[in-house]
Amino acid sequence: MDHAVDLPVWAAILVSFFLVVGSGLTLIGTIGFSRLPSFYERIHAPTLGTSWGTGGIVMASMIFFTVLATRPVIHEILIGIFVTVTTPVTLMLLARAALHRDRAEGNPDVLAEVSPDEPKSGPALGE
Amino acid sequence: MSQTILAVSLTFAQVCLAIAMALAALRMSRGPRAQDRVLALDTLYVNSMLLLMVFGIRTGKDIYFEASLVIGMLGFVATVALAKFLMRGEVIE
Amino acid sequence: MTGEMVLVLLVCLPFVGSLAAIMLLRTDSRVLAARMAGAVTFLCLVLTAAVYPAVRAGGKLRLDIEWLPQFGLNFTLRMDGFAWLFAMLITGIGCLVVLYARYYMSEEDPVPRFFSFLLAFMGSMLGIVLSGNIILLSVFWELTSIFSFLLISYWHNNATARDGARMALTITGIGGFCLLAGLLVLGHIVGSYDLDVVLGAGDQIKAHPLYLTALVLILIGALTKSAQVPFHFWLPNAMAAPTPVSAYLHSATMVKAGVFLLVRFWPALSGTYEWFMLVGIAGTCTLLLGAYFAMFQQDLKGLLAYSTISHLGLITTLLSLGSPLAAVAAIFHMMNHATFKASLFMAAGIIDHETGTRDMRRLSGLYRYLPITGTLAMVASAAMAGVPLLNGFISKEMFFAEAVETHADSVLDRMLPYIATLAGAFSVVYSLRFIHTVFFGPPPLDLPKPKPHEPPHWMRFPVEFLVLACLVVGVIPSLSIGPFLHSAVVSVLGDRTPEYSLAVWHGINTPLIMSMIALAGGVLLYVLLKDYLARCDDGPPIFRHLAGQRIFERVLVTVSWKWARWMESRFGTRNLQPQLRLIAAAGLLAGVVPLYMAGFTPTPVAISGIDPIFAAIWCIGAFCALAAAYQAKYHRLAALVLLGGAGITTCITFVWLSAPDLAITQLVVEIVTTVLLLLGLRWLPKRYEKVDNSVTLAARGRRFRDFLLAVSCGFGMFLLSYAIMKQPVPDAIASYFLEKAYTEGGGRNVVNVILVDFRGFDTMGEIVVLAIVALTVFALLRRFRPAPDSIEKPEQQRIQAAYDDEQPERSAGDTVRDYLLVPSVIMQWMFPVIVTFAIYLFMRGHDLPGGGFAGGVTMAIAFLLQYLAGGVRWAEDRLRILPLRWMGFGLLVAPLTGMGAWLFGYPFLTSHSQYIDVPFIGKVPMASALMFDLGVFSLVVGATVLILIALAHQSIRTHRVRNLDATKAEEA
Amino acid sequence: MLPYPLLSASLVIMWLALNGFTLGHLILGCIVAVFASWGMASLRPAKPRLKKWYLLPKLVGIVLYDIVRSNIAVASIILGGHRRKFKSGFITVPLDVESPMALAVLAVVVTSTPGTAWLEYNSLNRTVLIHVLDLVDEAEWQTLIKGRYEALLMEIFE
Amino acid sequence: MELVLAIGIGIMTGSGVWLLLRPRTYQVIIGLSLLSYAVNLFIFAVGGVKSNAAPVLGEGVDISTLTDPVPHALVLTAIVIGFATTALFLVVLLAARGLTGTDHVDGREQPK
Amino acid sequence: MSGWQQNLIIAPILIPLLAGALLLFFDERQRVVKAMISVVSCLALVAIAVSLFRFASYGPERFEGVYLLGNWPAPFGIVLVVDRLSALMLVLASILAVPTLVYALARWHAAGAHFHSLFQFLLMGLNGAFLTGDLFNLFVFFEVMLAASYGLLMHGSGPMRVKAGLHYIAVNLAAALCFLIGVSAIYGSAGTLNMADLAVRIGEIEGDRRMLLEAGAAILGIVFLIKAGMWPLNFWLPAAYSAATAPVAGIFAIMSKVGIYVILRLSLLVFGQGESAGLGLNVLLYGGMATVAFGTIGVLASQALGRLASYSVLVSSGTLLAVLGLNNGMVTAGALFYMVSSTLTIAAFFLLIELVERGQDAGASVLAVTMEAYGDADEEEQEVEVGVTMPATIAVLGVCFAACGILLSGLPPLSGFLAKFAMMTGMIGSGVASDAPIPASVWWIVALLILSGLAALISMTRAGIRTFWASMEGTVPRVLVMEMAPVLLLIAMTLALTVQAGPAMRYMEETVNGLQHPATYIDAVINARRVGVEEPGGPEGGGGI
């Protein structure tokens, strides 16, 4: 922590705030992920981490290094952008895959009005 | 002063993220379905990325930044492949 | 021409002739081959005869050529009187056999090959007798085994010939190996392999503790070669050879090599109790059993073979006695036996040739058709039986005389006169039988060739010549063979040469009485046995069923095949798991045993100073690893995901412990590996927990053992790594790199400078590995055939395709198109971003974490993502990646950069770093290492893409194959 | 030369953000950006037509605000546990946007906002299936998506 | 630090060895991957572990405080080679599975 | 020695690398060009290896055999070292490469993709392993060699090869992990990777660090023993070698010798003295004897010629290991002679087997080859030119087979005999009269050597009779001159070795002498001069190798 000696207190408080918010939201998201009962509900939880969880820590990092280096350090924003842009890809593909599997197995919880996934024959998918 | 504040908040953040990672790992092994595991892996990736960023703040060096950036930018590729495998049974058609 | 030259010529000429003969490609050049063989043999005979003056009365010829001087093996040739006599025998009978064979061999046989083998055999035999180095002797010894194998199996279409030849080779081969070992021991005792030195060190040898070892080993060699009991059985089976071969090998050469060896080493080895017992028992048994067996043979050549065994037993017995006079008799009988036995074999050959059979039950009264041959055979048989006025008589008398003498007071010694007489009687029986059955009695009834007649004159000539020799030696021994025999005897016995007389008549003495008893007893016995012999089965009573050959075959098959196969499966495995288990165990032992032997005590474990977050992360990592191990069988995807968890832990560790380069590289590799394994997962069989969940007790045991091994290995690695980490860091080479990285390597990222400069050579090798693997993967996948149950498209696709087919408003592929519609947009737009990032990683590598490898894989991921987004066809329609070009470029650029240093006179890979001042921009680092890294980058992109794409292509390929099948089915 | 100027500019900015600003890196960044956008061109993506690009910041602002709100909402649901009953469910939203790019942005927005997840788009009847964590009123969500985001997106892109 | 890392290496090795000895090719390849993590970490560890001491030179960096860069370079090489061999092993096991019809390591279902 | 001669040292690595890379630019259909590049590279390798061999035999006084890569001084950078031993191995490898390559050109190179590149990379790996003086670099070249061998082993595909390849790769991956553990344990405890530097440092290391070093070395030893095929770590070998195509198996003959080479190098250089030496030697001795025994059993139990040959590889390896375990200079010299002879023999035998077996079922096997090579619909190629019947094919094959049998069983008069004789003479201590008792282990080795020879004799006769006399009735295998010539060449080389046994053995003796006095090697490496760098403190022109 030696490097933090030069950091002004206001910056430290700001950084800490964002850190706590970011990590706290991430933790809450993951708690939700492990506690929510169905997959479609669970899928919402991690977005806490990928939205303001990441955002908080990115902010913390940007403020911290900018103040420390006394010049704008903004490359962390790239992380924020990439996470925001790519996470939906993952979630969409995964959710649709889950939908397919549930429909193929005839899982009653799933909305089946648009249903390209009902099996014509054959056993259920593994797992 | 600022050292103490930072030390507390950094420790808090690390503990939160570590717990989050542990929960994700648990979900990863428990499932119950493959999609849960994949989603857990993705969550684990994001949490690790955040942990590394916090670690960067802790050390005050930004040479660890690229590791986080790699996770942020490329981490989804593995998950995409896994998801596609679940949906189509095949990664590249 | 000097005598030394003659020695070389004698050994080499036959081999040269042999080569020349085999070069006669036309198998019908029978006469030419025979003439050449005859010329070579005759030349050898003349040459041998010509050097007689040099070896007379104890003289010696000697020639040394270095071969393997460091180990005392030289090409030393040496001829003394004994060797000369043998050489004469070999070449002389050789001439006659060649002449005989010229007429004997039929048109269909590949005659040049026959003469080639025969000449080579003769050369080997000459080598044995002329060797002046005992190792050289064993060289020629084995050569005789090899060539006799080829000669015996000459008619290899005949199974009997093949088996006989193989047996002869096996027995004499074993003997040869033993002989070699014995000679090595002898060399150890004496300190030299030179024959003269060995012969001169008799006392030293006999006093040495290893004497018995050497003796037994050498005797095994000699006795197997000379077909002594209990190694005799190969000889009768070798009778499947053409008769000239039998006449040559089993009278004058091959089998004589054994007794030659006994005589050769007689001065060095004989005279001890061990010698007497070992050689004596073998000799007397052979003498008696050979003669006994000979009486009951129905095959002419079988009879002659057993009689040969018996006569060799006689010679061996003589040599066992250790008295000089006995040695003289032995040498003399060797000559005599060679003459009459060769002639008898040839006579048997003529009979076979003319009648088409050698079975004595079918032969009868041939004298009326073959009077001359018959007469000759009678004389030779008489010599074999020891009838006076023939050469066999004289040496047999000498044997009887020696048998009566007392040598070492033992049971064997006292029984010897009776054994000798009995064997003499037996020899009369089989000689009589040979003549009486074949030539007398009623005319034969069922001959394969009904009208036998005398053979061509030149075919009979060898027999005539040899019979004449029998007579001449038998009548005037001291005038004919006397001087030659004497120089042979002197060369063997030296100072111990006894007084002996080769007279026919010594007055009425015990030996003569024994001879008379043997003759009379033999005649009587034959009369008694005649009728039985005329109709009995082949082989002697009782022993008939105890065929040595069959026992040998049985033992050989059991030991060398059944046992070997059993042991191979017992001590080896073809399964993978035991092998990996052994490797793990070996690695564990290798790690633990040195520590244990040195008394290693592990450092007390310190709990303090642990970062709890780091510990927590490792709890997660360890959990993931264990869970992956647990799930890998039934939940493959789960295992893969958990593996990713372990991987991310590794990455965090790298970051935590100051290795950002490693973290980046590990991450990108992790991603590619996951996709790779997923690509593979599609082709693996489905596995359901419920289906194969029955576990046997044995399987449980195996699992428990594996579990223990795994736990031990884990614990061992824990100990080892903990111990090493706890050691103070040694005065490593690291400080040098840290100091010089910037000043001399021109980079701030020391790891990267090591990779591309200090140890750039490793990196070059590493990219070659990657290239090789990519090529191999490509080559393998070109031949990829999926298993039948994987050919079908995955279930998901079938369901979705069926749905698209059914709905009238949907077209094929709609589901997947919708599925990827939004994600693919994002994935496409990520492409330039990731490419930029890859270039960024590559460019900064020298100063900051990154580098060619991480950049290359990132670039490959950019490509991969497009394949994921749009599929193979879509991606390849747009991106023409030529992975092989990338690879070739990388593989050329990296070494060529290294070779650039040559231009400046520096060694390969010497880097050149400099900061160039570019206007407006400032100092730009231009390290040649960057160029090298470009090669790495390019190769990594090419190789990674090639691997992934080759695998991805399988999905479309199989579809096409399937379609082809479908079209075929429709056409049918 | 520059098939995607906006992309190229973004890449240059990204390059500079990563390397720090120097003249050398500006030049290098431009070169890299040109190369990368050529690479993009070879993929032949549907070229987005940004009609009213200046509305983008407005969208970003709205989304950021919504995300903060829903972060709090979802966090309270999770932390509230069983005390607060919530009912999740699927809703189908008919869409009017057609441009893949606009759809992508919409998907990113919906998915990035905690509490809503984009599940499945059907190109035939142009509906999207969305899962909502706290589904009180289906119609309310439909109007939210159609009115708040889609309208703005249609303005920007078409 | 050392203790945690050593235990981690031990557990990864144990899991890897266990999988390596299993009969299914997929288990073996997962085992090999785990083992290569363990081995990479081991190589990494032999240079002595230090936090926040990356071997990157900069202004005023005291060389003696940095970690040993040699193991890092070795691990990088090992990662690359490990990736290559994993890829190869995967393809070979697929080829074997295609040709023999089974994913048993010995190419037949019931050994012996 | 001037610069170009120095640069010659790295040529055996660079030439195949460049050739292999260049080959990637040519399509599989441009077979002639590919073959040309490959052949030229191999011939160049022979020329370079022979020159290096000559330089090395001048001795350390006249040839500085150390190459500092990147011009970095010895313990820091990577060094290549040419001494008599490595020069010998280089020559052996290159001399083996030419006939096997020519043989492959007759047909096998077309049986799959990238044969030539893989072949060149294999040579690169072999040469690198022989040349390098750095432990981790040795690992890298091992991997190069192994990776290429994986590809070559499965060249031509087919269930047998792929199954064998799977086992081979799994075993070698496990071994590679052990290699890494061993090397890094050594680095962690000694702080160096340079072999010569390690030899210097090992004397100074004490206490726990020494134990760890020994543990690392022992784990490393396991790897080389796996590679050398020591029982019970060798079950992969018969399957792999017998499954490989003939030319590949031919070049593989030298692969098991790489393990032996490294053991010889390291045991004498680094672990020659010290407490741990004894343990290692005993492992070699008894492990080697067990290997010979197992190999002998295998030779007897083999019905297929390929397996017979593979087990002969084990016999050869076991013999070398056991004999090296005796740690006796003269015996080691004999062992080197044996190594050369048996490598040539086994290579010739592997090449021959295919030709001989082709005769057994001529039509079917040719068909199988072409089916395998061109079975794929999308790579339709022209029909492979099937050999015309050479006159006296059977005779030549028979002579070659007999020669192989004689060589393998160690029957006189060929080099196989001379090698065994030299080793046995060295062991028994003949040539000098002595009453010193011969240790029991020597008797065991002698007995095993003789028994293994006998087993080879029995098995080869059995196989020879079966193939040539019992089943080759009337059918003459169609063999190309291009396939026969390599076999003849290899056998001719054993003949040359037989005739020139004296000079050859002298070279081996000098080699062993050099190995037993590692100080020269160490000096040369540590004091090797950098180009253009004046080192005032350094000894001027310190001894080379």
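As written, the chain order gives the labels A, B, C, D, E and F, with residue 1 at the start of each chain.
Going forward, a contact is a pair of C-beta atoms (placed from the backbone, for glycine too) under 8 Å apart; a residue touches a chain by one contact, two chains touch by 3 or more.
For clarity, every value in this text was computed on a predicted model and none was experimentally measured.
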Common touching chains of chain E and chain D: C
Centroid comparison with chain F (C-alpha atoms), farthest chain: D
Chain nearest the overall C-alpha centroid of the shown protein atoms: F
Whole-Å gap separating chain B and chain E, where each centre is the average of the chain's CA atoms: 21
Chain centre separation (chain C, chain D; CA means) in Å: 74
Chain E and chain F: spacing of chain centres that average the CA atoms, whole Å: 28
Distance from chain C to chain B - Cα centre to Cα centre, in angstrom: 60
Where chain D touches two or more other chains at once, by residue number: 14, 18, 107-108, 118, 120, 122
Residues within chain C bordering two or more other chains: 574, 576, 580, 584, 635, 637-638, 640, 654, 656, 660, 681, 687, 717, 720, 724-725, 729, 732-734, 737, 759, 762, 766, 769, 772-773, 776, 780, 783, 795-796, 800, 810, 814, 819, 822-823, 826-827, 830, 833, 837, 848-849
Where chain A touches two or more other chains at once, by residue number: 29, 31, 43, 50, 75, 78, 82, 85-89, 91-93, 95-96, 100, 127
Complete list of chain pairs which touch one another: A-B, A-C, A-D, B-C, B-E, C-D, C-E, C-F, E-F
Touching residues on chain B, where the partner in the complex is chain A: 1-3, 5-10, 12-14, 16-17, 19-21, 23-24, 26-27, 31, 33-36, 38-40, 42-43, 46-47, 49-50, 53-54, 56-60, 62, 65, 68-69, 72-73, 75-76, 79-80, 82-84, 86-87
Chain C residues within the chain A interface of the complex: 635, 637-638, 686-688, 795-796, 798-800, 802-804, 807, 810, 814-815, 819, 822-823, 826-827, 830, 833
Touch list for chain A against partner chain C, complex: 82, 85-86, 88-89, 92-93, 96, 100, 104, 115-120, 122, 125-127
Partner chain D, residues of chain A touching it in the complex: 25, 28-29, 31-32, 35-36, 38, 40-41, 43-45, 47-48, 50-52, 74-75, 77-78, 84-85, 87-88, 91-92, 95-96, 99, 110-111, 113-114
Touch list for chain E against partner chain F, complex: 20, 25, 28, 32, 35-36, 39, 42-43, 45-47, 70-71, 74, 77-78, 81, 84-85, 88-89, 92-93, 95-96, 99-100, 105-107
